[in-house]
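Lettered A, B, C and D in written order, each chain numbered from 1.
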Amino acid sequence: MANAPFPVPEIWHEHRVSYGETDTMGVLYYAEYLHIFERSRNNWIRSFGVSYKAIEERGVFLPVREARCRYRRSAGYDDLVQVRTGVSQWGRASLTFLYEVYDETRLYLLAGGFTQHACVDGTGRPFPWPDWFREIFLPRPVA
Amino acid sequence: MANAPFPVPEIWHEHRVSYGETDTMGVLYYAEYLHIFERSRNNWIRSFGVSYKAIEERGVFLPVREARCRYRRSAGYDDLVQVRTGVSQWGRASLTFLYEVYDETRLYLLAGGFTQHACVDGTGRPFPWPDWFREIFLPRPVA
Amino acid sequence: MANAPFPVPEIWHEHRVSYGETDTMGVLYYAEYLHIFERSRNNWIRSFGVSYKAIEERGVFLPVREARCRYRRSAGYDDLVQVRTGVSQWGRASLTFLYEVYDETRLYLLAGGFTQHACVDGTGRPFPWPDWFREIFLPRPVA
Amino acid sequence: MANAPFPVPEIWHEHRVSYGETDTMGVLYYAEYLHIFERSRNNWIRSFGVSYKAIEERGVFLPVREARCRYRRSAGYDDLVQVRTGVSQWGRASLTFLYEVYDETRLYLLAGGFTQHACVDGTGRPFPWPDWFREIFLPRPVA
């Protein structure tokens, strides 16, 4: 993760750690990273001029199939973490978001992970990315 | 709250405080009490032989209109809090749950509060308690 | 709450409702408002040029003694709620934050509430606001 | 994960999905699984006659270094999920908990994952499992 080039396009998103997100060890609780990842991928989608909410309204849902996070250095209350996100992999009916969480200076990698999503319809049935979706996110054919 | 008789019927529910529910001050975070209240009122409903899920499936929804909590003594990680719940008030289309949160011995009152709910249908429109609901929870007329 | 003048100084804070903050009724879950209130009061404090974290480091802690929220209209996934905050009451060793949650246009009041806090030291013992604290937040004597 | 024998000793823990744990898609939100995993590993530890809280008081802390979850079938509001936990791997100063989340009947695997932990002291410095810890959890030498 340290050496491979980060996917493009990437976006950065900053998040202030709240009291409610910390635990009695004085750090950002491990499950909270998955909430922060969600905000980041929503922002990545929004950077294309559309909201994930609108995508669902058009019949594409992206449930998480797998999530992973590696925790290197902790974040504390009131820290302003910097989260970098991009799509590292596209399948016919799936995609994978990659995340890196840094400290405020963007020098120290605190954590990193990914979430893999399936493209499904309102009944949960998988189907390939529709054309309108590709036109927004994938202006060229999927390799 | 200390002196008025607790409503009947009441149920008790115990809850183990998890790491994720604590904050950096080392105590159960104040918003978590509202999650615990939810579990308690679900158990109170379930003690009548029906689940809140089944009640919703039958067309009665109980959104929260008001919530209140008073925090006296903190709870810490791994504490086994004891929560006492009952309905303190019935209206034509509303009800109020009362809660008391004790320590493991049930001697020390840690917190207390209430949630007031409206009876609404699937579109959010308020309506009076239907007969089937009253037969379960109110075997006598509402005063 | 609708007619009394809102306390000054006030700050506004916007919050995007995430998927994780909604519930199966499709709305912002009632306990999440208390997390949002926390972010708002932190911002109110920060608007004076100091963080709540620095205040704790100086020996002043503000545990919540009471919290209340009234829910009028729901907020949904991806809504950009607008939260207005100010201090409505100062005591010798306590204060009360007032909150109003609006929709994106600031026209519709979705919810409102307050949190009352005690001024305590690191051992939890209440004590009156120290001079340095007053100089920041209360340039004039407490009425 | 489906075919390899589950580690021993294992414990089972049941968890009722609350409204607050669901999201607007009507299912248990993906980050909530990590909260449930925490409860499960605490129960696994407790099955040896000691609490994780007591372990921390004795100077051993188990921060999460990596967490992973695979989501196969969703869980809904009020479902009574069954969580199976055991330690799949012991290192000199680390361990890995394995989790399987089933439906109420224990027939359908809903999700599975692991959390890997380091053994660290109160300052966060890693150190090998102390003798008293091994006597409780590892009556035989680590392979």
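Brief remarks on what is shown
Here is the rule we go by: a residue touches a chain if its C-beta (ideal position, glycine included) is under 8 Å from a C-beta of that chain, and two chains touch if they have at least 3 such contacts.
Keep in mind it's a predicted model, so treat the numbers as computed, not measured.
Put simply, the chain farthest from chain A by mean CA position is B.
Comparing chain pairs A-B and A-D, the larger number of C-beta contacts belongs to A-D.
A separation of 29 Å divides the Cα centre of chain A from that of chain C. For the pair chain A and chain B, the distance between mean C-alpha positions equals 35 Å. In terms of their C-alpha centroids, the spacing between chain A and chain D amounts to 24 Å. Annotation for chain A: residues touching 2 or more other chains are 19-20, 25, 27, 31, 34-35, 38, 77.
If each chain is drawn as a node and touching chains are joined, the picture has every node linked to every other. On chain B, the positions that touch chain A within their shared complex are 19-20, 22-27, 29, 31, 76-77. Within the complex, the chain C residues that touch chain A are 16, 18-20, 34-35, 38-39, 42, 51-53, 77-78.
Residues 25, 27, 30-32, 34-35, 38, 61, 63-71, 74, 115, 124 of chain C are the ones that touch chain B when the two sit in their complex.
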